[in-house]
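A, B and C are the chain letters, set down in written order, and residue numbers restart from 1 in every chain.
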Amino acid sequence: MASVLRQAARLASSRCLTQLSAASSTSRLGASSYNFSPSSRNASTSSTIKVQLDSNTGVAIMMFQNPPVNSMSLDFMTEFVIAWDKLELDKSCRGIILTSALPNVFSAGLDIMDMYGTTPEHRTAFWKALQELWLKVYGSGKIVVAAINGASPAGGCLMALSCDYRIMIDNPKYKIGINETKLGIVAPFWFKDCLENTVGYRMSEMSVQYGILYNSAEALKIGLVDQLVPEDKLISTATETMIKWFAIPDYARQISKAMVRKATMDKMLAGREADITNFVTFTNKDSIQKSLGMYMEMLKGRKAK
Amino acid sequence: MASVLRQAARLASSRCLTQLSAASSTSRLGASSYNFSPSSRNASTSSTIKVQLDSNTGVAIMMFQNPPVNSMSLDFMTEFVIAWDKLELDKSCRGIILTSALPNVFSAGLDIMDMYGTTPEHRTAFWKALQELWLKVYGSGKIVVAAINGASPAGGCLMALSCDYRIMIDNPKYKIGINETKLGIVAPFWFKDCLENTVGYRMSEMSVQYGILYNSAEALKIGLVDQLVPEDKLISTATETMIKWFAIPDYARQISKAMVRKATMDKMLAGREADITNFVTFTNKDSIQKSLGMYMEMLKGRKAK
Amino acid sequence: MASVLRQAARLASSRCLTQLSAASSTSRLGASSYNFSPSSRNASTSSTIKVQLDSNTGVAIMMFQNPPVNSMSLDFMTEFVIAWDKLELDKSCRGIILTSALPNVFSAGLDIMDMYGTTPEHRTAFWKALQELWLKVYGSGKIVVAAINGASPAGGCLMALSCDYRIMIDNPKYKIGINETKLGIVAPFWFKDCLENTVGYRMSEMSVQYGILYNSAEALKIGLVDQLVPEDKLISTATETMIKWFAIPDYARQISKAMVRKATMDKMLAGREADITNFVTFTNKDSIQKSLGMYMEMLKGRKAK
């Protein structure tokens, strides 16, 4: 536990609700290390989302660039959805790779600053943005692959779980999981449903209750990720995997995907309003605000040392 | 992909909607190689279904004999159900082994000729026959074992999935799976449900979307089949397994089986009419008819070479 | 089968409906072999349930002591629930370990004497007590760990399945499973649901139909238990595991646990009355009473030899 807190402290300015595994300063992975095809037609960049689409292959890469740890703030999620919608409408895009432009972290999950000391109205907007992001990614007709190039706790894990396939860098320092309970908060039912669909009921039951984070090898073993690759093969493997699946007729694949995901999607849609109310009410509690405050103080305090 | 198409071409006259793995001409497996008990009381043969019942053991063997690849035509399925009903009513029969009387193929799945250029009425009858076959096998109080002695894609895989236990010949050339999307069509929800029950949600999600065919070792690994045996042990192993389970009191086993399968059965029954409409409408589309036509031309063309 | 019956015969006075694995007379495991913390504040003992609570750690140990095989009689289950309620109300208790104070057996399951020759009213009370026991354990906000120190068939397996974690002695002579069909009876749907949640649909389907008992290594392999330990490490491992999880904030863990278990719990509650009627009607049948009677005679007859 102590070492986890020390790791979190190194990311004190992250304002993120989730613990991160060690962020090594020796890593050189960043957006600049990707060699994108020179044929790429489109490259668009918002402040936090970078998109590069290779219209020859149909593969788009969407990179998170919200330093220091790609926390999912309301702004980040809003920009994500705008960029996503643009790709959805682009017929030349058949698949989307989600990855991080930052070193050592895929995404550290929901931004604590949107939950701590904010108005119910703000938190309502925040939670709606999260729901919308998930509905877009999980329900997409495109092939979506997560190229997990760093820590991916809580909301970061959810983004990965919403994809069709998860490839992770083979490095034990990167952890992934639904670890909310460790911080005194609760993942909503659809986080749990996504995890359960991926690793099965029993593993999900354990994982959600005890807030377990898995390193890359453990994540592969339980099926939380599908494949491990060396750091320098991450994007190429994701691209090749996607292109291989482009051989499947889109129409049949999309109907099949929707059929498989229908029950989980319908359940979330049916519980959408209650889920918002639940989050806003929960984070309105003094005890929860106090916990969030203490967590932020801890991060600041650790950083100061 | 090319090699898959080459394999399919060798079976050009099959008129089957599903790809088959390599059909080696060196295989000698056929009905004539089975040594049935001399005590068998009943042996009945329709044009496409052969049944041998050993009333001493209670084990019936139902063999598919619809050359060249046991395609599931309306006629085949009608004869299947007639033979099945006869066994269901026979008190001396406690279990049924499904297998193929043809070399290299268990069943190549639904017959394309019943879908291509046929009337909506014909396709309605065709789909009802498939539903009925499944309801009979999946809901049977008998113990049903699939002895998979060859390729078993799409509808062939569904027949295997409807059984209580799947034993497959240990030979990498035989493939099994729900591969519909590769052909531009979509497996109905109850194919998916059967697959999901057998291999779990995550493996089913991948498998259905990408139309994955597994060789025998892969199928064992993911649980799509339960056991691999050498070719010459297939029927004896199926028979011995069944006889072992005859020790369980039928009444308790049947109630337990019905309880386990109730949700999947109820869901199919509730969606039965919509499923027929869905199939008939889908196959009415010009684009789908065109795909089916092209597929048939391809098979013919490949054969001609 | 014969050896199973011989084993059962050795436990002839057990009156239990379930088969037990060999009960070796060389085992020395018993309540007296546990070294409880000297700081234990509370120790309460009913005739069949012994409880020791260490208020320093928050860990309670509830031991079954209903010789010879901890059969779940109406009396046993009534005392279980009374002891359970007391622990639930005790704020100093954060987790409960279920184990047996008897050698070689965790629990042999439901007591046949409460089913054979009893009135419908008695059987109604009996089944209600079983439902209540399960609802309490499965729905508990405490962390509940099964320390399985012997055979655990049928109802014994259900008790283990209701916990959050299962640790079993690494000894092939101890068997665990839902083996009701082997005795001509049927496990209710919620036994099946618990098993399915733990080992997955396919393994549960096989297991429930064929009444399969697994030895400790097999149980670990399919996920029916989570961990195997040597006999002398059982209670210490259970305690350490529980204490490790006490680091998770109770409130968040409890909400998460309730969320994960909601569907299974709701289904049972919705079918509760029908489940009672079903059991009482089923055990009212002459054929079932006859089976139970023969089973008891067999146990007595074997013992007499």
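Keep in mind that, in the parts below, contacts are C-beta pairs under 8 Å (C-beta built on N, C-alpha and C of every residue); 3 or more make two chains touch, one makes a residue touch a chain.
Since the model is a prediction, treat every value here as computed from it, not as a measurement.
Viewed as a contact network, the protein chains are fully connected, with every chain touching every other.
Chain B and chain C touch with mostly distinct residues; of the residue numbers seen at this interface, under half occur in both copies.
With centres defined as mean CA coordinates, chain C is found 40 Å away from chain B. For chain C, residues touching at least two other chains, in rising order: 200.
Of all residues in chain C, only 164-165, 196-200, 223, 245, 247-249, 251-253, 255-257, 259-261 touch chain A in the complex they form.
Residues 1, 180-187, 189, 192, 200-202, 204-206, 208-211, 287, 291 of chain B are the ones touching chain A in the complex.
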